[in-house]
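There are two complexes below, and they share chain A, which is joined by chain B in the first and by chain C in the second.
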Partner chain A sequence: MDTLTLILLDGIAFASWLFLVSAGLTFAYGVLRILNIAHGSLYAIGAYTGATLAGLVLHSGANPFLAYPVLVGAALLVGLALGPLLERGFLRRVYDQEEVITLLLTFAIFLILEDGMKLVWGVSPIIVAEPYALLGQLPLAGVTYPVYSFLLTGVAIVAGLALWVVIDRTRFGKLITSVIHDREISAALGVNVPRICTVAFTGAAMLAALGGAFTAPMVSVTPGISADVIVLAFAVTVIGGLGNISGGAIGALLVGLLRATAIQFFPALDLFVVYALMAVILLVRPEGLFGGVEVRRI
Partner chain B sequence: MRGAQVSRTLAGAAPWLAVLLALAILPRLLPDWLGFLLTVAFAKALVVLGVAVLLRSNLVSFGHGLYFAAGAYTVGFAAKWLHLREAVLLIFGAVVVSGALAALLGLFLARYRGIFFGMLTLAFSMILYSLLLRLYWLTGGTDGMVTAPPTILGVVPGAAAGRAHYYLTLVCLALALALTRRWLGSPLGYLASAIRDNEIRVEYMGASVRQGIYRTYLLSGVLGGLGGCLVAFSVGHIAPEFSYWTQSGDFVFVTVLGGYASVFAPVMGSVVFELVRNYAYALSPYTWQMSLGAILLLIVLFLPRGLWSLLAPRAPVSSPWTSSSRR
Partner chain C sequence: MRARSLSRWLVQGAVLLAIIASPPGRAAAAPAGAPPQVTIGIVTFLSGAASGPFGLPAKTAAEFWIEKLNREGGIGGVKIVPVVVDEAGPTDQVVTNYRRLVTDQKVDLVIGYISSANCTAVPPVAEELKALTILFDCGTNRVFENAQYKYVFRTAAHTGIDGIGAARYVLSVKPGVKTIAGLNPDYAWGHDSWDIFEKAIRKLKPDVTVVDTLWPKLMQGQFASEISKLQADKPDVIFTSVWGGDFVSFIEQAKPRGLFAQSLVVINNDGANVEELGHDTADGIALGFRGPHWISIPNPARNPLQQQFIDGYRARYKKYPMPHGSYHVVQALQGVKAAYEKAIKAGGRWPGVDDVIKALEYSEFDTPSGRIRLAIGHGHQAVEEAVYGTTRFDPQLGFAGLGGIKVFPVKCVNPPDGVKVVDWIEQGFPGAECP
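Up next, the complex of A and B:
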């Protein structure tokens, strides 16, 4: 019973994290048709910025609960600073090219940002665990579980709902949808496509940084975290269907529960199951569990 | 007639023999560390060559670390379980293992194009990575495995091991280059570029796109395994990172750096890459990746046919990416 509870709690916590780090990737692919390897770097920069700013707040003697809004603020800041820069500076040049070119381009950006982070933050780990410890533990159905994990789930749900509201319930969302369907026709109808692209990518960058900022209290932020996260995010994105956000949520839940189960019963296979699922999904339904049809050439 | 053909072949081969000869005496002139660097660069050039033959059909393998690791761990396991140390046998083993792996995975991959091909190769390589990383009792986990220097045709190289590995790698590379060059000149090789230009036409002309891609993938996997095996010989240490996606990304990077109009382009790319990395790392350990990234950025945006296109501006292949912008 306890094992089942643990699997569920761990699974949901991991799924929330996965959704946070992959939602931006899915969204950016949906709108811009760009599979952004540098997404992992934006995540890491979010983590560094979040840790640094939260650390400043905590050391200044202010109310430690201020750290949470500061984490959100850090994510918005990173997204606003880097999103338009990357989109206008680089990605825009390759929209009409093959997807593999965009893959290479974002890999180049990934390499550059990777060292950029080392220049700014150094190579020694940054640990700001207070926001995690502050919330304490909660006894629940026979196990005690850190409250921070529930906060993470909350953040993921809020982020997912916000994305849904923006895309499905606002005028701007309608414009995004029209750009997704046909960029040329949208432009011909007077939609400011370049602006939509910039805003969409900035949103995706914010989501990546948000995932990073809320991860920072749980881990020690070191160089190299971006490389690990990007393949996991790719896996979730592919499982849910490239460009499909609700699919991404279910994909994250699936991967989260699967991995939590593996950790309980076969700890050595925790990563294996994730990539095995990714491979199986690609083999059986390359468009993802919830992707549309006819995304493949031939 | 036949004599003329033979003499023409000889005349055609002469410049390459001269290059080979020059490379053969090179380690006597260079310091040991540079010889080692060249050995590793040549070994990795084999993997890059594998990525390059796929790229000719516009297929980007973001998981060629899979074969690199498969070849390297073949050496590791053969030494651990079979106490096998003979280089020729180990090379044969690595080729068989990586070839079998490619034959299996190619069955699935031959159906995929573009981003899906890349993602599936990535998934396969990450599966191997997670196994190598987590099955500690079998693979040594993150510590990897130490591979003892092999004997070459029964001879224990001893103090001259570095130079022996250099020659071994050079011979393998020369054979692989000759073979791949022949392949590219064969109908199957031309099929690869035809597939890049227009698959539907290829099918209409009666050739099987799927089979073409399958065989190219087979060649590409074998080259990857060979490269991994040779790196294991000369470096003497193998780790799960061989199969990690950043390693695969480096291979793609070098392929794009060198270009793929000629089989020699990957070799040039690989040597330039190792030199740049070595010097950049020595000069500034925190920004060498940044310089690599900046170079890749410039190449992707301005020199999509790689460094080789600077040397041979009138390469026989049409611009790989502009000719097949998204359909």
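Up next, the complex of A and C:
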């Protein structure tokens, strides 16, 4: 029984993190049809900015709980600063090009940002662990559980709900949906497509940075974290169906629970299960669990 | 205005005079046949996950130490010129870069390699190109156990001493240990580290049982599920070989959950990032070093080279030399210098590569880590003492200091020449001399 509880708790905690780091990737793909390799860099810049700002707050002697809103602020800042810049400066020029061009472009941006981060933050790790321990621990299922895991789940749920409300319940969401379905017709009907794209990509960038900022207190923020996250985020996105937010959430939950089960019962298969799931889903449903079937126009 | 430029002239003139008048190094003039310079290729991680904890500290230490050696007359009166190359990339690319260093850049020798994969891929090429190559940092014990090389040396101990040292340390501080668990990155280093530790401790205490063997992905960063499992199974001892970012993330996540109070956690990663962890360090971790190199080990007061290394490095980089890459690269440089100078003394002229190899085989030389002996692997593999201690935050240092330090002598943790580590363990450590 305890083992089952542990699997649920660990699975949900890991799934929340996975959803946070992959939601922006799938959202950007849904709206812009761009598989953004530089998503990992935005995550890393979010982590660096979050760690730096939270570190400043904690060292200034202010109320340490201020670190949490500062993490959110850092994510918004990174999204607002880099989202429009990348979309208007680079991505906009390749929307009509073949997919491989957008992949190469975002990969180039990834490499540039990777070195840019080293220029700004150096190569020594930035460590800000206080926010992880500050909320205390809960004794559950025979182990102690960090309350921060639940905070992470809360942030993921809020981010997911916010996305859903914006897309399904607002006028702006309707415009996004129309752009997703047909960019050309939307433009002909008077929708300001370039503006929608900028705002959508900025939102995706904020999500990436939010994932990074809330990961920062758990890990060592160090060069290379961007590459590690993009592979996992990509797997989750593919499982759920590229461009489908609720699919992304289900994908994250599946991967999280499967991995937690593997660690409890077959630790050697920890890594294998994630990619095995992806392979099986790609074989059975190449469009992902919730991906729509693509209609090829002739 | 005029007065200021006059004074500047005077200062510059004085500096120039001082340079002209200074003696050309303490060493004697270069011997007959000496080249204008010794070019050393230095291969270390300048990018990627291993650059922060290991690669760059090795690079800065190499540059610092080469400048020091050059001030003192270089090697046999000849200046050392380093050519630094990034070790990052797939193994075939690393091998191509090695060939380029030797054949195009025509370096006199190569000091390199942190990754064990590269340390097994490069030696056959070194033999083919007949290029002197010093492996300075990588851990795998297989390099000289599975092959014999003429041109390849390793001037630091292999990972055998990590695992055997860990097992002996655990038994000395927790003799009643009954259950152990492993948390090791899922690649060659993690598997080798666990294999040696597990075999060693079960040989030394056969009633020990393994309750968990967890294999997180390298640089996974997320250990929550693994920590839950370890907390639920409550092993007496947890052995881990996580390093760099994973080491920090593991401590950040395990410390608030009380894992270090529940089990004795043993880490064999040589203390990279301990200084960066600062206040966030955890007390009570058994931390191991592959070789005697920590702030107080072997002993700066009695080892002037270590004192110079620590003082000079700190003055320049505002940090302690990293007790892994930094010390290891200096060991390689000291070994090369000693071998060249021994060969010059023997031959009376600048030595060829065969003379240097002859001088280096089974040699001994002084380093900031104490005296290094190339005693195994047919005289090509160094042996070192293994050091373990328990972390405790030190307010004076501003990061974790070490208490209860135990230094395991060379013959206690290294197999004799010609014996493989795993065979030595399975035979019950014949010939081991432990205090």
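Here, the second predicted complex is superposed on the first by the 292 of 298 C-alpha atoms of A that agree within 3 Å, B and C clash if a C-alpha of one lies under 4 Å from a C-alpha of the other, contacts with A are read in each partner's own complex, and residues count from 1 in each chain.
We take it that a contact is a pair of C-beta atoms (placed from the backbone, for glycine too) under 8 Å apart; a residue touches a chain by one contact, two chains touch by 3 or more.
Everything numeric in this text was worked out from a predicted model, so none of it was measured.
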Superposed partners chain B and chain C on chain A - clash or fit: clash
Contacts of A:Ala268 with chain B and chain C, given as first, second, both or neither: both
First (chain B), second (chain C), both or neither touched by A:Trp164: neither
Touching partner for A:Phe290 - first (chain B), second (chain C), both, neither: neither
First, second, both or neither for A:Gly142, with chain B first and chain C second: second
First (chain B), second (chain C), both or neither touched by A:Val123: both
Partner chain(s) touched by A:Met278 [first = chain B, second = chain C, both, neither]: first
Touched partner set for A:Ile101, first chain B, second chain C, both or neither: first
Partner chain(s) touched by A:Asp2 [first = chain B, second = chain C, both, neither]: second
Chain B versus chain C as contact partner of A:Met218, first or second or both or neither: second
Clash-bearing segment of chain B relative to chain C, given 76-84, 112-120, 130-138 or 292-300: 130-138
On chain A, positions contacted by chain B and by chain C: 123, 268, 270-271
In the complex with chain A, residue positions of chain B that touch it: 58, 60, 62, 108, 112-116, 118-120, 122-124, 126-127, 129-131, 133-136, 199-200, 209, 244-246, 249, 252-253, 256, 286-290, 292-294, 296-297, 300-301, 304, 321, 324-327
Contact footprint of chain B on chain A as seen in their complex: 35, 37, 90, 93-94, 96-101, 103-105, 107-116, 118-119, 123, 227, 230-231, 234-235, 238, 242, 268-272, 274-276, 278-279, 282-283, 286, 296-298
Contact set on chain A toward chain C in their complex: 2-3, 6, 9-11, 13-14, 17, 123-125, 127, 129-130, 132-133, 137, 141-146, 149, 215, 217-220, 222-225, 228, 259-260, 263-264, 267-268, 270-271
Chain C residues within the chain A interface of the complex: 47-49, 51-52, 56, 186, 212-217, 219-222, 224-229, 231-232, 244-249, 252-253, 255-258, 273, 276-278, 280
